[in-house]
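Letters A, B, C, D, E and F mark the chains as written, and numbering starts fresh at 1 in each.
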Amino acid sequence: MIPALERHVIEEWLLERRVTRFFHDEAELLTARRFREWEALLAEDLSYRVPVRETLVPGQGSEHSEEMFHFDENRRTMRMRIDRFEGTAAWAENPPSRCRYFVSNIRAERRPDGLVGVRSELLFTRLRRSLTDYEMLTGERHDVLRDRGESFELVERTVLLDNTTLPTRNLAFFL
Amino acid sequence: MQRTDIDAGLADRLREAEHKIRDGFIPTWIYNDPDVYRLERERLFTRAWVYLAHESELPHDGSFVVREIADTSVLVIRGSDGEIRTFLNQCTHRGAELCQYDRGRLSRFRCNYHAWQFNDRGQLIAVPFDKEVYGGIDRAALGLIPLAQSAVRQGFVFGCMDPGVPGIDEYLGDFLWYLPYATRRSAAGLEVFGPPQRWVVDADWKIASENLIADSYHTPFAHRSIFDVGLVPFSPTDAAPGGSKTGLHIRAGAADLAMIERPAGTYMGYPPEMVDTLRSGLDDAQVRLLDHGSLSGNGTFMNRFHVFPNLSCLNVGGFVDDGRLDPYMSLRQWRPLGPGRMEIISYLLVEADAPREFKERSRRAYLVSFGSSGMAEQDDMENWRTICDAGRSVGGGRVDQYVRMNSHREADLVLADWAGPGTAYASQYFDLPVQGFLLRWLSYLLDGVNADVDLPRRVPT
Amino acid sequence: MIPALERHVIEEWLLERRVTRFFHDEAELLTARRFREWEALLAEDLSYRVPVRETLVPGQGSEHSEEMFHFDENRRTMRMRIDRFEGTAAWAENPPSRCRYFVSNIRAERRPDGLVGVRSELLFTRLRRSLTDYEMLTGERHDVLRDRGESFELVERTVLLDNTTLPTRNLAFFL
Amino acid sequence: MIPALERHVIEEWLLERRVTRFFHDEAELLTARRFREWEALLAEDLSYRVPVRETLVPGQGSEHSEEMFHFDENRRTMRMRIDRFEGTAAWAENPPSRCRYFVSNIRAERRPDGLVGVRSELLFTRLRRSLTDYEMLTGERHDVLRDRGESFELVERTVLLDNTTLPTRNLAFFL
Amino acid sequence: MQRTDIDAGLADRLREAEHKIRDGFIPTWIYNDPDVYRLERERLFTRAWVYLAHESELPHDGSFVVREIADTSVLVIRGSDGEIRTFLNQCTHRGAELCQYDRGRLSRFRCNYHAWQFNDRGQLIAVPFDKEVYGGIDRAALGLIPLAQSAVRQGFVFGCMDPGVPGIDEYLGDFLWYLPYATRRSAAGLEVFGPPQRWVVDADWKIASENLIADSYHTPFAHRSIFDVGLVPFSPTDAAPGGSKTGLHIRAGAADLAMIERPAGTYMGYPPEMVDTLRSGLDDAQVRLLDHGSLSGNGTFMNRFHVFPNLSCLNVGGFVDDGRLDPYMSLRQWRPLGPGRMEIISYLLVEADAPREFKERSRRAYLVSFGSSGMAEQDDMENWRTICDAGRSVGGGRVDQYVRMNSHREADLVLADWAGPGTAYASQYFDLPVQGFLLRWLSYLLDGVNADVDLPRRVPT
Amino acid sequence: MQRTDIDAGLADRLREAEHKIRDGFIPTWIYNDPDVYRLERERLFTRAWVYLAHESELPHDGSFVVREIADTSVLVIRGSDGEIRTFLNQCTHRGAELCQYDRGRLSRFRCNYHAWQFNDRGQLIAVPFDKEVYGGIDRAALGLIPLAQSAVRQGFVFGCMDPGVPGIDEYLGDFLWYLPYATRRSAAGLEVFGPPQRWVVDADWKIASENLIADSYHTPFAHRSIFDVGLVPFSPTDAAPGGSKTGLHIRAGAADLAMIERPAGTYMGYPPEMVDTLRSGLDDAQVRLLDHGSLSGNGTFMNRFHVFPNLSCLNVGGFVDDGRLDPYMSLRQWRPLGPGRMEIISYLLVEADAPREFKERSRRAYLVSFGSSGMAEQDDMENWRTICDAGRSVGGGRVDQYVRMNSHREADLVLADWAGPGTAYASQYFDLPVQGFLLRWLSYLLDGVNADVDLPRRVPT
């Protein structure tokens, strides 16, 4: 017999489950460098940001800069970047890196405006060629998704990194 | 400052390198060698003037940034008297690090170990139990240790650990005549927009410097993808030899700089007011160069410069949104971390009194093109890295690179009647500046300070 | 149409979902150094232990010591530690490290005494200042939670580390 | 009140939940070196493969070799390996390594033939003795499970690694 | 043991350091320098007596621990004859590691490579195919290789790789007279409680040693937080110069030790029975010091000691639960791993026959205060680390630290009529012991073994 | 090729090692020493012939693999003329890496930096703006840099960076007479099956080489577990001294090889057709050895060989499925990465025209036994690693290993009337080959190229 489950419990659960699935599918696309398919997940009004982090005096403002970013993209610049990857002259990633996205601690909630806010933890690893030392980044994603019924689209992503100086030779990937 | 010894074997290797470089070849091992790195630390970065900060990063009393000269931590701070000073970031008692932050504003610094305190002018202002345990310490002798020399020129803060070398004006020399093209587009001068991006690459600071000094050759090939996606305001033809983007190279003081041709009425997307402001701050000769200095008599735009040893600046624009060209200016420092390894510190500079929207557009154009995620910068990283990787290997290190581009007509390239200071060349497609850079580098490693660096003599290929 | 779900399936699932959420929220508090809020999750009868690990001869006892610990805390010592962090003289963490908790493989079960036993895997990363080398710890958490209806409180935590000698300069954080 | 959940949503969810649990239990067995119990999870018709990876020219075939493997095991060779570990002369793992399996991004789906296909991400860490440097591998698992009602059995596992040259002194463990 | 060469440049650098240290300055580079580390490995840790284990860790026949002298793995084992021996943990055949465990009990060790076997006294007892392939090997010559010297004193096991240096009693010297204050509070002596905590820090073993030798100055400042939260049994005033916690420093043999004043009837929370037991095991002079040795005539408590090169001990207490002071004693070894890098190995010592509850309270007080998670230890790590980090940099390494605390009245501090052996000083606020430590360290690096280390002469500041 | 200097202290240490090795002892430090590694890079791997690839990996025009000689990247490619060539994998312009892939097929290579292009014969075929900026470059002088020497023998591709050393035939010498036992079981010769497994171990390439050269002693003990699980086709008795598996050791040219006895009608599970094919390709003396060469007059099977410096081959079989013995042949290279660190590159070789099923069975037997996950290989890794770890430590490095196995009857072991070339010994249980390997290694480090390596003289133990 089924215990009485409240509606909001079921709805929250369904939402989180769909969001989790969305993130896992997204990670697969990025890992497989299927950038065109990934692009299809991006909203027209996308804002994609990875702020530069500094070590500051406690109390003197956020360590995540609001002025300077590693990425500060809109839909159009995203397309440029993807065009480049899909073109024949993106030497930096030829042969491609092996990027992997361990997304965990996913928590989603529907906001009053109908959008879905998601907070998750990201462990990102990258290996190139025959190197044995990983490039690794850690941080948290603050995402806003628009519910499209069947799936979601990414409206806003802010990745707050733990890293001030990046141990990656470049950012020829997305976070 | 004292220097460590250099053994005979190493001196021989460097002398051999010198001969090769003069002859148009670079032995690859110099880009990844522990002995070279040791000498760079001990003989070069202790004696050259090195860029530290921009004064716009230090707006208030007590504003500070912590920066590094090679591996040495330096506190750059504006004192309560308004003056900018530079100190070793180290307590004078037992040597603990004094300031643990990248940036901020503090009027006093308290050491975490025994609580000695220093003010924003570096003075030792508190020593616990002073009377009881030191009998009244000599505070004047134990203030923070200033860099031997430091100076601000057109907003740029430089420091030098050697008290015996000539001052900043002699060091920068003729370059100071050209610097206003970058700094005077606005009455308020330049400002650093936000903190710098920083990242670490397994590549040598010299190969990166050489690229910014004089590698017009790689642009149309290594960076073809950014032409492909419509980002850059040049055609491949512009970037080819003889093209408008590759007109003038100037060697001036401790710097190399590149001028490109600009069609009348344009200035890389900078608004006309800025060009007016710039023009009004220049002397007649400078204005002439600005408006008619190109080989064809068109105006010029200073596209990039490099100040020895490791400061580069790139000033260009990109088409990011709605067909408008957005200009940006990036200052970048190639900080050595070890053999074949550096940290890149990349700043965006904007005109301080420009509207916010201008700055943000500039930021977007910069981010898409250069910096940690920049589409052009990505490719450079891989090329530089593989060169340095080869340099470390026993076989690859012995390979002599070929730097004789246009050395068969080097004399022809010199512009005899150049109106500005320094030496101007009629092309950016030549390897002479790279040779000059490396000879200057060798002059530090092999002892002489800022010794006259003869330009290399070559034989035709 | 809904297939017949047995009560215990639903209950187990609900429990695990709530526990998972609790862990993710807890990780957020620790990462954000909101120690006072974290403290509020600790039971009065808390036992918090991280045993020292040794490499022993197989068959000669557990590698996780029952005599010596890296942490062996009760509610009172926990408060002391948090008081220190919230005070003005915890130089070790000024500026603070960036700690991140990747909690995975979470499995919860209600015990006969009503408490909830949870086993999970922990990947802990820490970055300080402008360093590019991570301090990393791995291990498993064995937790006991008390169900407070709305949330849980942590009654017992034992973290079994993989590390014998710790690669962390200190343990100025909680696991 | 419970919103209308479609049958397939429930079924998918139940399957994924059971699979997730299976993977977490499996990870525990491997971490604890309870190899005999792990062996009991292997199907008689097991195929367990970890292909060698190369860096190839894009367009010139898969980087994961179909010719050479790090593991290419059937049920019988698996038994040999486990016999060895359970014997007294497997010096390579005496004292045993500490292996940890962070399995995430788990996605399961029932295939037309009734078997269950699962894709997951694996972050594997290993520490030995008093070393402070981890051996780490990353990659994705493509598994096929046979549903045995109470539990599953592993019919097929292919681990696609990011690593071309392995940073592990040996593969005296399973992935 | 043979020693590798030291080149002229390095010898000059060390001689210069010696002059500075005598004069009250320490060049920061000595805390993070590859050449220094090399000499420490090859000249110091091969020739000094180094702590290895406590006999309570080896309760039975075949009980063993594996420990390291610098980077050399040592098997410490109690043989079937009850004797404790020390061996290189290495098979004498092809050199494979013999014992892979940190601790345990085994009567024989079988090498994994070719199955040679050794017993718990280090004897080679089995060689497969001996007759067939070796014709009867010389087993006596191929037993495990013992350390050149080893000895147990009051429960502490020490080893030394050099057969030519004086024995343990001469090495520890006068310190043996003081050691009973730590070891004789219980008839059964001390025992190690559980395994040691171990962790790795990017800091030099010398800076940690100096801190434990003679840095009373940092306590009220670096560790203010533990005063704030009510953990320590002192007031800041006690810890200030002239305070009860900072009374006496004694230099004795290879050790430095610090005595603090104890109010009559107290003994850092140790129960009265323990003080009685202690007193009954001491001679008259030792008892006098225990009961009236402080500057004010009150009793004393040995708060810490350091044995050259890298063994420190801290004996103190904390208020953890219900207002009671719980004492604890932590032995810690600072094991060098490389330039500016060490492993800390921290043990809890308790009175062996104390009740279990006493031991567990002691453990809790220790864990909250010191060790890997200890609130005081946390702050030390950061200070030590930044000093060593600066030492590696080209600018920071050249900074001379200031160690002239109380050198202007050094002669006054000596207690002329001190009743015990060694030299006693009337304060713990002075830098002389740090200078003495470093001069002893230099005497190894510059060749002399346990050469008479002159105390530094100073000029007033 | 030029060689860097070797200082007097290092030369003394190596000379001392030489004396010890001749006397039957190996100082452990040689397996983990930065100076040794430096000399190995600069004096050994630049002057020895080193294995690079197998021709079956290069089936087509433009087929290439990228391999390393120590740390130097080498492009091995079959040109459009069918010839296999070897080049430094480095652009001759500014030294960027030319080919970023492990394997593939390309007819031209375009450098990513400035787009110079080279064809599959290493010729420089395109230089952008050649006329404009180089005035017509000397393309012939700027083709890819070939290794000084390279050669293919029985399918194996070798390269050598030194133009002055003798050629491959002189180098391999008598070993070429024995190699057909491995390569001629099939008309089509051998092929590499799939890509090699590669993994990195903290162990020295020499200790691994020695193990494959002459360590029959470890097999029954280190690898007992694979006997226990029924994998190997020998009994412990076979593997003991005098057993059928340990009969003959042959030193021939740059190689050592081991022959085992095979019962009539068997050949390690290889099918009779293959033995027939093999026999038909041999000369009479070779056939005699194949069929009656063992000490007892039975046939022989070449079980393993090692070619100086770092190529080993193992040919054996395992019982994996249904009671059938499946043979496999693994070639493995021990590539030095640094002091005490190597990459292992392990290939499976199969008869090219064997049925697919044979190859797959061979693969399974190989994977279970050797290679990255192999049950035997696992144990070797740990033993090698701990030896090298000890070698780095100050105490462990000074330990002399004992390599006098059967040196008391060395003369007796030589087979005076051996019919083949080289020197044959009547046992595999002796340390002479290890001593010989290390003396050859020393001859490179101490300068002589392929100097006659005297066999060591010994005294009885």
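Descriptive notes on the structure:
One rule holds for everything that comes next: a residue touches a chain if its C-beta (ideal position, glycine included) is under 8 Å from a C-beta of that chain, and two chains touch if they have at least 3 such contacts.
All values derive from a computational prediction rather than experimental measurement.
Each step here moves to a touching chain, and the least such steps from chain B to chain D number 2.
Listed by label, the chains touching chain A and chain E alike are B, C, D, F.
Comparing the CA-atom centres of all chains against that of chain D, the greatest distance is found for B. Which listed pair repeats D-F comes down to matching contact pairs by residue number; over half match for C-E among C-E, A-F or B-C. Superposition on CA atoms relates chain C and chain D by a rotation of 120 degrees, given as a multiple of 5.
With centres taken as mean Cα positions, chain E sits 47 Å from chain D.
The set of chain A residues that touch two or more partner chains comprises 2, 5, 55-57, 91, 94-95, 102, 104, 123, 129-130, 132, 164-167.
Listed for chain B are residues 100-102, 112, 198, 200, 222, 379, 382-383, each touching two or more other chains. Pairwise, the chains that touch each other are A-B, A-C, A-D, A-F, B-C, B-E, B-F, C-D, C-E, D-E, D-F, E-F.
Against chain E, the residues of chain B that register as touching in their complex are 1-2, 4-5, 41-42, 45-46, 69-74, 88, 90, 92-97, 100, 112-115, 128-129, 132-135, 137-138, 142, 145, 161.
Residues of chain D touching chain C in their complex: 2, 5-7, 10-11, 14, 17, 21, 23-25, 27-28, 31, 94-96, 98, 100-104, 123, 125, 127, 129-130, 132, 134. For chain E in complex with chain C, the touching residues are 100-106, 193-203, 222, 224-226, 228-231, 320-321, 343, 348, 363-364, 367-368, 371-373, 375, 377-379, 381-383, 385.
Against chain F, the residues of chain A that register as touching in their complex are 91, 94-95, 129-130, 132.
The part of chain F that touches chain A in the complex is made up of residues 100-102, 112, 198, 200.
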